[in-house]
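In the two complexes that follow, subunit A is the common piece, with subunit B as its partner first and subunit C second.
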Partner chain A sequence: MENYHHKMAAHCESGTVTALLNHGGLEITEPLVFGISGGIFFGYFHKTKAFSFPTFIMRNKPGQIRNNIENRLGVKFRTYEFRDPVKGQIQLDDLLIRKIPTGVQVDFFYMDYVPSWERVHINVHYLVVVGKDGNHYAISDSYFPAMVELDASSLEKGRFAGGNMSPKGFIFHLDRVPADIDYQAAIVKGIKKACFYMLRLPMPFLGIRGIRLFAKKVVEWPSFARDTEHLSHEIMKINILLEDQGTGGAGFRYIYATFLQQAAAIVQKPELKELSEELMKIGDGWREISLFSARIGKNRDLGPDKLKLLSEMIYDRAEAEERFFKNLSVAIK
Partner chain B sequence: MKEKEGYVDYPEQQMILYVEKDDGKYGPMQTGSFISANYLDDYKLKRRNLEIGLREQLTANSISPLKYFMVLEDLTLSELSARAGIRKSRVRKQLTPQKFGSVTTNELQRYAAVFNIGVANLLQVVLVGINGNYESNLILENSAGHISVIHEPTANPFVVLTKIEERK
Partner chain C sequence: MKNPTDELKIEIINLIIETLGITDVDPATVDYEIPLFGGNNTLSLDSVDAIEIIMAIQRTYGTRITDQSLAREVVRSVNSIATFIANNRE
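This part shows the complex of A and B:
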């Protein structure tokens, strides 16, 4: 597709949505897409059937970025789901013949162009398919500096993987962009929702409460581990979840700070710019947690004193984020 | 975070970080992965040790091949069951060597698809000799010295061609 411009992005879903909107003629940045959709979040999962070890998330539910952008900007994406892989491939190929770049949900594990150490089973990776040549698809994956190729069988395996949040062949493409978009209203709504999810959800594992639960429970992680190396691996994954898994750094806090800076100019509220600076500093604290986790994991220095220190650092982030989101909800009223 | 603090020289794994630029504006910068640049060797060592431990249990008939791959790929019982489309109680049984014999060829195909390997490779561990030690080709990822081992799928779902050749 000659007029499609590949661009890296911090996060796969916000990057894919941004790419499709930009291709459709709407100039919007990834941080605005992320912030308007209320992407910032926190959830801690101590025991679940889907994960073999306690884990956490720092963004809203997969799929919500696209849904919320539709609702708040008035753009329209056309979506498709399939049971039959053959029908799924025919529909995708048809869109490509019509030169429509198409967002695709896949299991990251089957994306052969990814270095092996990065490849994990996660069913909510998003990318854009922009063409097909013989048995290979041209892929624009926002995690890669350049376009890549993927053979049809690997894409099919990724699109039709089973398990938690299985993609079911899900694809989507931009259908319509309205002539006028009320960015101010969209930004205000996105921020209000983010504040609500961080401050007011009653579940103890979500939002600020979730950060506190993470701080409380991380000292119990050794009881889940097979051995010291397993514990080291899981503690070092804190760094990966905060920095490497498409967060833009510090568990999406830096990209949200960027959103607030851009939003301040659009809604003409200088308080948002000040809050963006505060969030950047909060993000620096999350980054300290990342580096600390990597260091103690590598050194196998995982005794109770170090995990307590890690817990205190996380508690500290909960305090800082609670203050921040309370101030943000006042500023946006 | 300032832009200069975010720079990591690691072309093998690039990413986007949002940072504070010199003019005070926040925006994206392309950089390398900090953890891969600094700690990838440690990850590979842990994965190698995990494989050796699992292989010892596998060859001593303490675990089934299914358990070997499930742990290696960090899947839970529920997740493996959902991905393979096989009842959880049945998968649980097949994790033990005593009940693994009840597995059907159809189930083997489903499991192999989850692990992205050929059916034949579910039932064997290919080892490559390096400096007097045998290392799993799965862990080596075909990067062993002068030997190249490639498992090539065929149209027959039960057969893979294992090609061993000297690297030039």
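This part shows the complex of A and C:
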């Protein structure tokens, strides 16, 4: 597709949505897309049917970035889901023939252009397919510095992988962009929602209360582990959940800080710029937790003293984020 | 775009060696362009080392790498780290 411009992004879903909006003529940055959609979040899941070991999330549910951007900017995406891989491929190919860049949800593991040591099974990776030549698709994956090719069979495996949050062949494309967009209103609404989700949800495992629950419960993680190897793997996963898999760094705190910096100029509230700097520092603290977890996991140094220290570091983040979101909710009133 | 000096590249190799406590590598044998990850460089690093290096770069040069896709590109090799620092240091 001649007029499609590939760009790297901090996070796959916000990067994909941004790429489709930019292609449709809307000049909007990835941090604005992330922030307007209220992407920042926290949730701690001690043990559920879906997770065999405690885990946490630092962003809203996959798919919410696209949904919320639709609601807040008034743009419209057309979406499709398939049971039958053949029908799924026919629809995708038809869109490409019509020169429509198409967002695709895949299991990251089947993306052969990624080095094998980096590939893991994640069913909620998003990318843009921009063309097809013979049996190969032209892929714009915001995870990658340049456009890549992927054979049809690998893309099909990725689109129809099974398991938790399986993609079910899900694809989407931009359908309509309104003539006028009220960015100020969208930013204010996005920030208010983020503050509400972080400060006021009643569930004890979500928002700031969720960070505190994580801090309290992490010392119990050894009781869930089969052995030291298992525990060290799970502790090292804290680093992966905070820093890797397209988190934008420090559990999405840096990308949200960049959003606030850009939003400050649009809504003409310089205090958002100051809050952006505060959130960057909060992100540094999460990055310290990444490093600490990675170190103790790698060295199998997982005694109660270390987990207690990790717990204290997480409590500190809860304090800092509570202060930050309270100040943010006042600033955006 | 500024090109990094050889002095900066040597500084970076020493920073990596010091940060990771590596004792069995002669800094002079480290290639500037061969990827640091994947096992082909004298300094064969893993993903845990990557986060250590990112934080050491931030502490030493005041350059925060906030974007994880960018981080992967930056820590790819000594040359890529040096180019990033030369163009972003405070």
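We take it that the second predicted complex is superposed on the first by the 333 of 333 C-alpha atoms of A that agree within 3 Å, B and C clash if a C-alpha of one lies under 4 Å from a C-alpha of the other, contacts with A are read in each partner's own complex, and residues count from 1 in each chain.
Here is the rule we go by: a contact is a pair of C-beta atoms (placed from the backbone, for glycine too) under 8 Å apart; a residue touches a chain by one contact, two chains touch by 3 or more.
Here the structure is a predicted model, which means the values were calculated and not measured.
With both complexes brought onto subunit A, simultaneous placement of subunit B and subunit C is prevented by a clash.
Contacts of A:Pro145 after superposition: both subunit B and subunit C are touched. Once the two structures are superposed, subunit B and subunit C can be ranked by residues of subunit A touched, with B on top. By the touch criterion defined above, A:Gly25 lies against neither subunit B nor subunit C after alignment on the C-alpha atoms of chain A.
With both structures placed on the common chain, the touch criterion links A:Asp284 to subunit B and to subunit C.
Contact with neither subunit B nor subunit C is seen for A:Gly134 once the two complexes are overlaid on the shared chain. Once chain A of one complex is fitted onto chain A of the other, the partner contacts of A:Pro202 are absent, as it touches neither subunit B nor subunit C. When the two structures are aligned on the shared chain, A:Glu229 is found in touch with subunit B, with no touch to subunit C.
Comparing 1-9, 19-27 or 55-63 from subunit C against subunit B in the aligned model shows that the clashing stretch is 55-63. Touched by subunit B in one complex and by subunit C in the other are residues 8-10, 115, 117, 142-143, 145, 236, 239-240, 243-244, 246, 248-250, 254-255, 257-258, 280, 283-284, 287, 290-291, 294, 297-298 of subunit A. The touching residues of subunit A, when paired with subunit C in their complex, are 8-11, 15, 115, 117, 142-143, 145, 236, 239-240, 243-244, 246-250, 254-255, 257-258, 280, 283-284, 287-288, 290-291, 294-295, 297-298.
Remark: subunit A residues 8-10, 30-31, 49-52, 109-110, 115-118, 120-121, 142-145, 157, 161-164, 166, 229-230, 232-233, 236, 239-240, 243-244, 246, 248-250, 254-255, 257-258, 261, 276, 280, 283-284, 287, 290-291, 294, 297-298 touch subunit B in the complex.
Here subunit C touches subunit A in the complex through residues 38, 47-48, 51-52, 54-55, 58, 64-71, 73, going by the rule given at the top. Across the interface of their complex, subunit A is touched by residues 1, 6, 12-20, 25-28, 30, 33-36, 38-40, 42-44, 46, 49-50, 73-76, 78-79, 82-85, 113-114, 116, 141 of subunit B.
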